[in-house]
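The structure appears below as structure tokens.
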Amino acid sequence: MTNSATNLRLKLPVACIILEVIIIILFGALVQYDNETDAKQWHKELANGSSNYDNDFYYRYPSFQDVHVMIFIGFGFLMTFLQRYGFSSVGFNFLIAAFALQWATLMQGFFHGMHGGKIHVGIESMINADFCTGSVLISFGAVLGKTSPVQLLVMSVIEVTLFAVNEFIVLSVLGAKDAGGSMTIHTFGAYFGLMVARVLYRPNLDKSKHKNCSVYHSDLFAMIGTIYLWMFWPSFNSAVTAHGDDQHRTAMNTYYSLAACTLATYGLSAVVAHDGKLDMVHIQNAALAGGVAVGTAGEMMLTPFGSMIVGFLAGTISVLGYIDITEKLKIQDTCGVHNLHGMPGVLGAIVGAVTAALATKDVYGDGMADVFPDIQSGDVEASFQGVRQAISLAVTLGIALLGGLITGFILKLPIYGAPPDTICFEDGIYWELPGEEGSHEELTTVRTPDEAEKLNA
Amino acid sequence: MTNSATNLRLKLPVACIILEVIIIILFGALVQYDNETDAKQWHKELANGSSNYDNDFYYRYPSFQDVHVMIFIGFGFLMTFLQRYGFSSVGFNFLIAAFALQWATLMQGFFHGMHGGKIHVGIESMINADFCTGSVLISFGAVLGKTSPVQLLVMSVIEVTLFAVNEFIVLSVLGAKDAGGSMTIHTFGAYFGLMVARVLYRPNLDKSKHKNCSVYHSDLFAMIGTIYLWMFWPSFNSAVTAHGDDQHRTAMNTYYSLAACTLATYGLSAVVAHDGKLDMVHIQNAALAGGVAVGTAGEMMLTPFGSMIVGFLAGTISVLGYIDITEKLKIQDTCGVHNLHGMPGVLGAIVGAVTAALATKDVYGDGMADVFPDIQSGDVEASFQGVRQAISLAVTLGIALLGGLITGFILKLPIYGAPPDTICFEDGIYWELPGEEGSHEELTTVRTPDEAEKLNA
Amino acid sequence: MTNSATNLRLKLPVACIILEVIIIILFGALVQYDNETDAKQWHKELANGSSNYDNDFYYRYPSFQDVHVMIFIGFGFLMTFLQRYGFSSVGFNFLIAAFALQWATLMQGFFHGMHGGKIHVGIESMINADFCTGSVLISFGAVLGKTSPVQLLVMSVIEVTLFAVNEFIVLSVLGAKDAGGSMTIHTFGAYFGLMVARVLYRPNLDKSKHKNCSVYHSDLFAMIGTIYLWMFWPSFNSAVTAHGDDQHRTAMNTYYSLAACTLATYGLSAVVAHDGKLDMVHIQNAALAGGVAVGTAGEMMLTPFGSMIVGFLAGTISVLGYIDITEKLKIQDTCGVHNLHGMPGVLGAIVGAVTAALATKDVYGDGMADVFPDIQSGDVEASFQGVRQAISLAVTLGIALLGGLITGFILKLPIYGAPPDTICFEDGIYWELPGEEGSHEELTTVRTPDEAEKLNA
């Protein structure tokens, strides 16, 4: 399996070190503590009557850590379902997330966080960087098993940049709302990744077919990822909404949507899957679609009732989606991101547009100012806010598809050490495996105590 | 293994979809945002001088998420100890928890959360729903491996309802205190489940005996469950106590009780287990008994000293309980819930009654109003509060045993696709297993890189 | 494998029960609720105008739980990388942590928490006890696989005591700052453990060599530990800093340091490891060095830029450290704690000294009072604060090495049931293993559904 083309000795260190050095230089030149993390500035605020307990750390940090767990444990372990790709799933997820959150801080700062020529950082920038990272990890799911870590880093550089551009257009130019990122995170990440996967289409991938499936324990590891994503999705959708009722309501709507989605997923899995049994692929993925689908409308007055309907629909679409559309389009979508993030993301965008269009002062009261400041101020009608949301979906799809197309061609260059068709979905190509020098026997033997005792004798 | 009796194609979808549709309709008719999640209402409170930072979200949500982790990861993985029942342990846990939390919101709302004909929901209802769900999952532990998902859903419908009735009687009618649920959650869930298991007794269960045990990796997965339950139990017991010292004290008492319990568990496991070695069954379960046993008294002025004594006793009882009583009573208690939740729950109820009876104004000061409002107001003497606590234990046991009895007979109907005696504790009956169409060889082969290289050549 | 010397039936119960009884007596005599956990005292504060929302529980508890996860899941699973030592890694970690946190509460109370002859406990004492426990678990990593649980408990008794002494000297006598414990936790724990390992040197340990390595799944379990440590390290370093900007800044600096460290780790692993592949040992350990290295300076105005440089250096040192120094010194450092905690801890101490020496009023403003109260008050110059920090490192190293030396000799006594050289790194010596009475066949067979069906026929 050693092979100069896929050997990382030169490629990966060069990529990691150059990228990190660039980041460090840019941080040195451009990044500053914001008012809540800077000793001097914060103490000026204290002198003006604030309390240390007012520091936003206490109102955002628990959400941040939940999101962080989703990014590193949730996405990382969700992808360990492949029988021989666990090291890469968790390990490359770890690498590209650690890179992307730094790069995202810079890119999001450039586009919508400059204060007097400096990027201000604090807990909100940390959450936003994790969000952007999530988008990259969604795309990672589409190309899982078929890409080298160098390709993934290059993809992250471009995707993070375009994510920040799209986010700026959608939120700042178009004035859409998308707190949990149905559009900016899920739709963007999914269609970007699907387009990359399309361009990187491998006609001979079935040579690695026997590895492109799970084993018993790998599916259990993947459930760690699923359950963490499911539990903390309410924190994800609410992490950057306005304080108070907004954050509270968003978390609760998401919780109900996910619960309803789970019932739909189990019910439909038994219908669709072979022999009236449940299919782990559905449980691991479709049960999460409810979180994606309320990513835009979760902060609105969707009501628990509305949230449950949306979640139920999302689970349904997601399970049925596994009767595969993507295959016919020559997209080898390893993790089924189209079903988990793509379609539910679009559904979420539409639900958001409709819910926005129906907003009335009678329902929102003065809370309108937090959810739809432009409606409150009289700048736009609710119906026009709905139109803005719909346009934002179109823009997101456009940038994602075009960006994925270009990125796919860049990643096709034969310089990144991509695996050959015959050794996809296999850790051994990039990782020293335990027992590599030993025999197969030693690798798998479970020694009984009696045997051990003999050794001892 | 395909068999029309256990085939889920019709049964599970019907159960899931009917239940979810009923829930959605009831939510549409009855459920409203509470004042802290409703945009209009909350902004009225803001107009009256509240701050967004006063929203209860910030003071309850971190506890909620810890409880959520206990419910979905803690219980789910604790039960993966069985060698071939990991998919079902995590997966059915996921399904019935997602259902039960919705149903509990309605049932608890009916019995003690109506406001002008509507059920108000917010972070407290979310925590309470998770608590009720915990009770169902305890019962699940008693029947683990021997029930179909449809049976589990039916059990959940009834158990959640009776849980809400019992909770109403204990907390509202009898005026007992039980913040961490030694009685309402643990005693109730355990004895309900044990009674169901008694009615569902299978004389020929030893035909599945070879699967009713763990393997090395399944025990490690189970430790994920144990450790998460252990760590977050302080959050569980304190999640709905009064704000301030109550919540702080409850968390700390629980932490000390668990630490002492762990030492007792390790010490006694080495005494009791075969050959002077430690037994994973004890470590996975008995070490948690300390959390159960301070579920009632944790919020009281139990002191760290008292908490440690209670924890030490709970661990002792729990380990010794594995010298089995339940077997003689023809109760096939798969997870040993009698040892982890049953006996420690009763111990916790007694400790709570005694601690309440000893409450004095001298110790509690004005804090008496939070812990024992009726003593503070002069309505009852401390000694009578103790009596109330004791009566509550008796009521809980009665409702649990009677409810479990009836539920057991309902679940005995041969219409739910229960597994035959020969295929209990086996995922394959309800789940598509990986490699199902492949050979055994492909399922377990760990391919060395050298082998992979040959494939590549 | 049964053997009177390593049989725990008498030794472990005696150790656990005696220690727990001593602790309970001391708690009864000496420990009291602090003002924020005591019903009476807290309600006096409320009467004086405090709000329940001011209780420190709300500002420290989420950090505490993150730290708790690091201690029990992080350390516990990090050490499961050994193929046949998962039960002991998680299980002994659990035991000694549960013991150490109780003992630490007493020892830290004696040395710096007495109030009128009583030790006051609350959320801060809980965090500090977990910190001290972390130090013991670091030492555990150095002797992993070669010690009995009784030895580990004895080690914990001594190490916790010396930790409290060193902490008192460094923080209270010398006036150094060390919020995240680069010195007091990591340097102390690492060099203490390395010295114990040196004294316990086993020339014939290669008799157990075939077990002193990982297998595929054990490495995945270990990644659970790594990722949790990585994610929550910002909470660790910030858990006991001053409220407000300090806590916020410390978390953020740690986050950036870790991200940069991860890139360095991946890059260098590919350079150093065999065949240009990545090595799990590096990823599991070196990627965390960035958290250790900002344990002292994290709360200072290190800037994100500075944090990244420190993290990058820490990752580099840590990966290169695996080209082994310790082996030549006859230190059998099972987990490589020298690379993860030792060298990065010393680096962190130096960075802290330099950053302190460079502190200016211009940068810190009035925030100086929180970070460097003695500089603010004019008692010392910044440069002298740097000197204090440097002296603290020397003191820490001295106490750790001397303490480890003495402890090593105490642990060498042949009375604790230590494993023989031939059965190190093996759970079976202290744990009942699943399938212990069954055949090897039964232990590992993955039954296909078709086979199960036959059983059913």
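So that you can tell them apart, the chains are marked A, B and C in the order they are listed, and the count of residues begins at 1 in each.
The rule is simple: a contact is a pair of C-beta atoms (placed from the backbone, for glycine too) under 8 Å apart; a residue touches a chain by one contact, two chains touch by 3 or more.
The UniProt protein names, listed by chain, are A, B, C = Rh family B glycoprotein.
Remember, it's a predicted structure, so these values are computed and weren't measured experimentally.
Novice: Considering chain A (Rh family B glycoprotein) as a copy of chain C (Rh family B glycoprotein), what rotation angle in degrees (nearest 5) results from a C-alpha superposition of the former onto the latter?
Specialist: Resulting rotation angle: about 120 degrees.
Novice: Regarding the chain B (Rh family B glycoprotein) and chain C (Rh family B glycoprotein) pair, does the interface count as same (over half of residue numbers shared) or different (under half shared)?
Specialist: Different: fewer than half of the residue numbers at the chain B (Rh family B glycoprotein)-chain C (Rh family B glycoprotein) interface appear in both copies.
Novice: Distance between chain B (Rh family B glycoprotein) and chain C (Rh family B glycoprotein) based on Cα centroids, please, to the nearest Å.
Specialist: Spacing between the chain centres: roughly 31 Å.
Novice: Multi-chain contacts in chain B (Rh family B glycoprotein): which residues touch at least two other chains?
Specialist: 2, 58, 62, 216-217, 224, 433, 435-436, 443-444, 446 - these are the residues of chain B (Rh family B glycoprotein) that touch more than one other chain.
Novice: Show which residues of chain B (Rh family B glycoprotein) lie in contact with chain A (Rh family B glycoprotein) when the two form their complex.
Specialist: Residues 2, 7-17, 19-20, 23-24, 27-28, 31, 33, 36-44, 46-47, 52-53, 55-58, 61-62, 65, 68-69, 72-73, 76-77, 80, 86-87, 90-91, 94-95, 98-99, 101-102, 121-123, 126, 149, 216-217, 221, 224, 430-436, 442-444, 446-453, 455-456.
Novice: Could you please specify the touching residues of chain C (Rh family B glycoprotein) with respect to chain A (Rh family B glycoprotein) in the complex?
Specialist: Residues of chain C (Rh family B glycoprotein) touching chain A (Rh family B glycoprotein): 1-2, 54, 58-59, 62, 66, 83-84, 210, 213-220, 223-224, 227-228, 230-232, 235, 242-249, 251-252, 255-256, 258-260, 262-264, 266-268, 270-271, 273-280, 283, 287, 301, 303-305, 308-309, 312, 363-371, 420, 422-423, 426, 428, 433, 435-436, 439-440, 443-444, 446.
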